[in-house]
Structures are given as C-alpha cells and as structure tokens.
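So, here come the structures, one by one.
First subunit A sits with subunit B, and in the next complex the same chain sits with subunit C.
Entry: the complex of A and B
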C-alpha cells in the first residue's frame, strides 16, 4: 500500500487537531478578510433604511445559545442599525432560551451603546412566550393577547410604544432570527396571512430551505449564517460611523472575525476532501494491482 | 364510548374548524374572530402543559436509569440535579418568592440564581456541544465525500463550490455560482419538498378534523 493510500485510514484526531488550530489561530490573530455584500442581505438593510422615526420593527429571537455564534451578530447588527436609524424595535422570543439569554443580553448590550434611548418609547422587550404557532397568531392580531406584560412585568398598556401598534400586523417590518422551523412560521403565518414584510436570519445549515420562500417573495431578505451576518455588519459599519467604535472593540466577537475562522476551516475541509479522494483512488489502484 | 371517542372527535372537529372559518371573516366580525382568538389563547396554555409532560417523562426515564444502574447513570443524576436547580429557581423567580425579582437580573445588577445557571452553565454547555459539530463534520467530509459514482460526484462538487462561495477567498469566483445553485436547483427542490409536506399536512389535518384519522386517540379506523 502506497503512502497516499494509507491516508484513507488516517487517525481522525489529526483532522480534529487541524480544525482546532484553524479555529484558534484566526481568533487570536484576526486576518480581516474583505466582505462582499449579497442581494438577500442588502434587501433587509434597504428596507430598514426606508423606515422613519415612527415606524416599528418586530425582532424575534427564535434561537438559543447553540447557534448564538451565528445568530447573535445578526441581532446585534440589526439592533444597531434600527437604533442608529431611529427606528423603534419590539423584541420578543418564541424559542425558550432565546428569551432567557439571547434576547435580554442582546438588548442590554446594544442599548448601552445608545444612552439616549428610552425604554417603552424607543424599544420594548416582551420576553419569551411558549406556544409556537398559536402564540405567533395571537401576537399578529394583538401583542397583549400573547404577552400581557413585558419582561419586567409592566403591563403593555403602560408602555407608549405598545399603544402605537396593536399587533405585529401593524408594524412595518418583522425579522425572525431563527433556528429550526420558526422562520418558516413567520413566512407562512405572518407574511402569507397578514401581508407584513418579513425577513429571516438563520444558521448557514438552514439557509437552503429559506431560498424557496425568498424566491417566492414570501420573504423580503435573508441573512444566511455567519457570512450573511458579516455582510450586515459591514453595511452598518460603512453607513453608520457611530457603530464603528463598538465593532472596533477587540474583545467583541463579531461575524467579521468569525469569517476568518470560517475561511480557514472551509479550506482545511476542502483540502481533506481532496486528500481523501486522492488516497481513495490510490488505494483502489493498489487493490486492483 | 361518548366520552372516549365521540366527545374528543367533536372537540377536534370544532377546534380545527374555527380557525379555518375565522380566516375568511373580516376583522371585527363578532363571535367568529373572538372565538378564534380565545382558542388560540387556549392553545398557548395547552402547550404549556406539554412542557410539564416533558418534565415528567424526563424524570421517569432518568430515575429508572439510576435505579437500574444503567450505563451513564451518573449523568442522569447530573441531569436531574440541573433540572431541579433550574426548575425550582425558575419557578421561585417567576412567582417572586424568596425576594427574587424574577428570572433575569437583580436590581443591583447581579444575576438571579436562574439567570446565573442560564448564563454560566447552560449557555456555554450548549454552545460547546454545537461547536463540536465542526470537528465531526470535517472528519465526516474526509471519509464520506468520495468520487464513487455520478451522484456522489455532483454532491461533492456542489459542496466544494458552496464552501468556496461562502468564504471571502473564493467568493469572487464561486459566489455567483453559489447564489445560482441556492436560488435555482436548491430553490426548486426545496419548493417541491415544502409544497409536498404542506399538502401532506393539510390532508392529515383534514383527516383528523373529520374524524377519519383516530390514531391520536389510541384507536384504529374500526373503533
């Protein structure tokens, strides 16, 4: 058996080691690859740009910590964009851990960068509600039907922003940053039944299924995986100089930095696929001989 | 017979029919819209009970595992302890007991016990589990992506194009190809799957609403 053919039975710990190094080194020594913005992401950015100071975006945190590395930079960039552009935000979660950790942590983190914002007037955190599609149907008609109080226990009737919009259908735009099937529910229940423009931010592995909705016009845009998140970050950084300071923080894990890791790891995986096939053919030739 | 079969079928019929009928009525239509909204609120409450059912199931399964000293029984203790910790402090926080202001942060900025468990135990553990996927995907790609036949070759080429198209180095060349692959062949296939699944779900729903499908009651067609 040739040396190349022996590679078919390489110890997988070598692969693990290379992937580990390919992840660790770019995190410690960022490369800063350029980001090219694609149409599905730009369409979401452009939609928010058309909104005015009295318009409302519903941002649903439909993901948990498992996909936070991909989804957190999306919600952070969307919030920075909305607040920089003076658009009001109603944030909620339909995924259990989205409300407990991602939503509140994200709202606290981003609103700290905008000290002029007033809770209840410029943004509201409704927290998490169980019930999936039933909750979604309720909040489309009337937020208070699904969320009688916000996450601090304040009745919605005491929050000025919630007097402005009765249900999600009265908002101007809804974005679901989702893991699993939640994004599809927003397309099927909210866009299809109420006509509210919606967009989805999803993990890279979920992105293919959403292209069917995107192409059918049931979604206005799509932020797919870390790549999509880095594109949105780039748009916000380029057009809102006030956000550059936050993104310049070396301790902040952004999608742009994550793209360095993704680039190196994809190249390692492709290299292993090529090596694996060369070894496979060498092994087959050796067996025939 | 009535309580076990006819009543559940009647309830299912009306619960299934009301949202369909309400969809065709305008906003503000009395009775129909109100009834539909009440039903949706009830569904949220019922789904809460499903969580409780899940908790009971997890406890039963893991207690059995510990009693029988099955493989990994020690982890079952850790799981139950974690569930008890989060469950008790979550419930206490939600009911504002023991001076807890809720399940988020306290007034002085410190996390409540529930939030502490969420932030410093559950979140990193879940993120770690998902992060391990990268290693296994790399290993699986090395072993599985082989040019064995035409179908496997198409799959391999598509995967490599998409991987290159989604990184800055390969994007100028492979980005447009990736977008085309996502929009056209992938979009067409996904649309077929989604429409097929939706038609299947609609027909199954009709069968349930009309009482033809009774397996959810533990009955077969003859009963």
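Entry: the complex of A and C
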C-alpha cells in the first residue's frame, strides 16, 4: 500500500483535531476576510430602508439556542438596523425549544445599545406561543387572539404600538429567523394568504430549500446561514456608524468573525476531500496492479 | 458577570466538554450530558407551554371571566385537550380518538389550502418560465436550465415507464441535477455544522475562560 493509499485508513480523530485547531486559532487571532454582500441579503436590507418611522416589522424568533450561533447574529443585525432606522418592531417566538429564551436575550442585548427606545412604543416583546400554523394564522388576523398579553403580562390594549396594527397582516414586513420548517410556513401561509412581504433568515442546512421560495417570489429576501448573517452585519456596519462600536466589542460573537473560521475549516475539508479521492484512486490502482 | 451567571457558565462549559468528549470515543460523561439535555428540553417544553400558552390563553380568561358565551369555546378546547389523556384509562381509551380526530381534521384542513395555495401552485408557476428570457441571454440560459432540470428530475421519479432509450438518458440527466442539488445541500450542511462548532468554541473561549479570568481580576 502506497503512502497516499494509507491515508484512506487515517484515524478520523486527526481530522477532528485539525478542524478544532482551524476553529480555535481564528477565534483567538481574527483574520478579517472581506465579506461580499449578495442580492438575497441586500433585498431585505433595502426593504427595511424603504420603511418609515410609523412602519412596523414583525420579527419572529423561530429558533432556539441550539442554532443560536447561526441565528443570533441575524436577529441582532436586523434589530440594530430597525432601531437605527427608526422602524418599530414587534418581536415574538413560535419555536418551542428555547425560542423565548433567544427572543428575550436578543431584545435585552440590543435595546441596551439604544437607551432612547421606549418599550410598548418602539418595540414590543410578545413572548412565545405554542401551536405552529394555527397560532400563525391567528396572529396574522389579530395579535391579541394569539397573544392576549405581552411577555411581561401586560394586556396588548395597554401597549400603544399594538393599537397601530391589529394583526401581522397590517404590518409592513415580516422576517422569520428560523430553524426547520417555520420559515416555510411564513411564506406559504402568511405571504400566500395575506400578501404580507416575507423574508427568512435560516440555518445553512435549510438554505437550499428556501431558495425555491425566493426564486418563486414567495419571499422577498433570504439570509442563509452564518454567511448571510455576516453580509447583513456588513451592511449595517457600513451604513450605520452608531453600530460599529457594538461590533468592535471583542466579547461579542459576530457572524463576520465566524466567517474567518468558516474559510479556514472549509479549506481543511476541501484538502481532505482532495486527498481522500487521490488516496482512493491510488489504492484502486494498486489493487488492480 | 455575577456569581450565579459564572456558576451557570461553568455548568454549561462542563456539559459542552462532556458532549465534545464523544469525538474521542463514546463514554459515560457524554451519555449523561445527552440524557440530561433530552430531559431538560422536555421539562422546558412542558413548563413554557403551561406558562406562555395555557395560562394566558386558557386558565386566566376562564378565571377572570368565568364561563360565558365568549369563553365557552376555551372550555371546549380545554376539554378536547384533556380528553387526550383518557387513553391512559383502558376502559375509556377510545374517548381520546375523538380529540385526535378534531386535531387531525383541523390540521388537514389548514394544510390542504396552505400546501396547494402556498406551495404547489406558486412553485409550479415558477417553473413555467419564458425560455427566451425576455431578451436577456443570461435569463434565457437560467430559464433553460430550470426547464431541463424540472423535466428530467420529474422523468427520474416517473416509475411507470422503464428507464431506457431516450427516457433513460433523460433520467440520467435528472440524476445529475439531483446530485448538484445534494452537493449544494452538503456544502450548506458543512457550513451549518461548523457554525455550531464556532458557537461552542466562542462560548468556551469568550464566556467561560474569558469570564472566569475577568471574575478573578486577570486580564481585564
């Protein structure tokens, strides 16, 4: 067996170790690879740019902490954009396993950067509701049918922002940051039945199927995985200088920093795929000989 | 970071390391962390459904307004839900089927319209494209790729005719389109998994080690 062919039986734990190092080193020593913004992400940014101070964006946290590494930078960047652009936000969670945790942590984290915001006027945290599509259909018609109170127990009738829009259908835009199927429901239920413009920020695993909705015009834009999140961060940083301080914080986990790791790890994986194929063909040739 | 937050961070960090230990080999620490995660997830789901859905949407309206015409439907929904648990009493287990029938009927109804109106028709319409591309060569090429891709993949999944001759060749082209789709999905899956690893490594480096050093007054 040639040296190359021996690589087919390499202990996979060496690959794990290399991937681990390829992740750890760029986290400790960021490289700062450039981020190129793609059209599906820019379309979401541009849509929010067209909104005014009385317009409302519904932001649905349809993910939990298990995919927070991918989804948190999306919701954080969208909130920073909306608040910097003076657009009102109604935030809610429909994902059962930690959606509320992600929602509350994100709202607390970002509103702390905007001390002038007033709860109930500029933004509302409706909390979590079980029921999936049934809840979604209800909140499209009337928020108070699904959410009698916000997450603090305040009746919606006491919140000025909730007097402005009866249901999600009356908002100007809705974004679902989702893991799994929730984003699809926003497209094939809310967009299809009420015509509300929808965008989805999804985990990378789900991105290929969401492109079908994007291409069919059922979604206005798509933030696919950490790459999409880094693009949105870039747009917000470039156009809103007030957000740069937050993104410069070394303690902050951002998608842009994560893309350094993605680049290094992808190079390692590509190298192993090439080596694995060469080793396979060398092994096959040796066996034939 | 407060003392309790630091304590929570340490628990999370140790559990993360327990789970990562599986990369070396299966071991009792991994199994403990895995079982704990599954149990905590279920407990969290039950707790959050009680607190965020049943309490504000069922218990409180019934408590505050009593049984009226406006709240009657809530009582009905509550009873339908409770009825599901009769399956644990063998003599009246068949009662539970009526609740299941209501749930299945409701979701079939909502899904039929949703799938047809929101998925089948718009997705089918998106494949019926103008092959000239409206004068743009790039759009024309894209339209041709969509046309050939949809047609050949549909042929691949059409099993009533033997896959040989022209039909077989078209089916082979369909396989190539499917492979391209799987390749894109695999690439995105790799990116997704690495993103999760980044999240954990960031947590260990920034929040666990960084937070502990900060609490000890080392390194600012």
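In the analysis below, the second predicted complex is superposed on the first by the 286 of 289 C-alpha atoms of A that agree within 3 Å, B and C clash if a C-alpha of one lies under 4 Å from a C-alpha of the other, contacts with A are read in each partner's own complex, and residues count from 1 in each chain.
Basically, a contact is a pair of C-beta atoms (placed from the backbone, for glycine too) under 8 Å apart; a residue touches a chain by one contact, two chains touch by 3 or more.
This is a predicted model, so every value here is computed, not measured.
S.K.: If you stack the two complexes on chain A, which partner ends up touching A:34: first (subunit B), second (subunit C), both, or neither?
M.R.: After superposing on A, A:34 lies in contact with subunit B but is clear of subunit C.
S.K.: Can A:234 be said to touch subunit B (first), subunit C (second), both, or neither?
M.R.: So A:234 meets neither subunit B nor subunit C here.
S.K.: State whether A:258 touches subunit B only (first), subunit C only (second), both chains, or neither.
M.R.: second
S.K.: Of the partners subunit B and subunit C, which touch A:217 in the superposed model: first, second, both, neither?
M.R.: second
S.K.: Identify the partner contact of A:148: answer first if only subunit B is touched, second if only subunit C is, both if each is, neither if none is.
M.R.: A:148 contacts subunit C only, not subunit B.
S.K.: Tell me which partner A:207 touches in the superposition: subunit B (first), subunit C (second), both or neither.
M.R.: A:207 contacts both subunit B and subunit C.
S.K.: Examine A:189 and indicate which partner it touches, taking first as subunit B and second as subunit C; both and neither are also allowed.
M.R.: The answer is second: A:189 touches subunit C but not subunit B.
S.K.: Could you tell me if A:266 is touching subunit B, subunit C, both of them or neither one (first, second, both, neither)?
M.R.: Both partners.
S.K.: Check the residue A:106 against both partner chains and state whether it touches subunit B (first), subunit C (second), both, or neither.
M.R.: A:106 sits against neither subunit B nor subunit C.
S.K.: Report, in rising order, the residues of subunit A that make contact with subunit B in one complex and with subunit C in the other.
M.R.: 16, 19-20, 23, 66-69, 97, 100, 129-131, 134, 137, 146, 151, 153, 184, 193, 204, 207-208, 212, 215-216, 225, 227, 262, 265-266, 269
S.K.: Going by the contact rule at the top, pick out the subunit A residues touching subunit B in the complex.
M.R.: Residue positions touching the partner: 10, 12, 15-16, 18-20, 23, 33-36, 38-39, 64-69, 97, 100-101, 104-105, 129-132, 134-135, 137-138, 141-142, 145-146, 151-153, 184, 193, 204, 207-209, 211-212, 214-216, 225, 227, 259, 262-263, 265-270, 272-273, 275-277, 280-281.
S.K.: Residues of subunit C touching subunit A in their complex?
M.R.: Spelled out, the residues of subunit C in touch with subunit A are 23-24, 41, 44-45, 48-49, 52-53, 56-57, 60-61, 106-107, 110-111, 113-115, 117-119, 122-123, 125-126, 181, 184-185, 188-192, 194-203, 205-206, 210.
S.K.: Quick check: in the complex, which residue numbers of subunit B touch subunit A?
M.R.: Against subunit A, the touching part of subunit B is residues 19, 23, 37, 40-41, 43-44, 47-48, 51, 102-105, 115, 118-119, 122-124, 126-127, 129-131, 134-135, 137-139, 141-143, 145-147, 156, 159-160, 163-164, 166-169, 171-172, 175, 179, 182-183, 186-187, 190-191, 193-194.
S.K.: In their shared complex, at which residues does subunit A touch subunit C?
M.R.: Listed in rising order, the residues of subunit A that touch subunit C are 13, 16, 19-20, 23-24, 27-28, 66-70, 96-98, 100, 127-131, 133-134, 137, 146-149, 151, 153, 184-185, 187-189, 191-193, 203-205, 207-208, 212, 215-218, 224-227, 250-251, 253, 258, 261-262, 265-266, 269.
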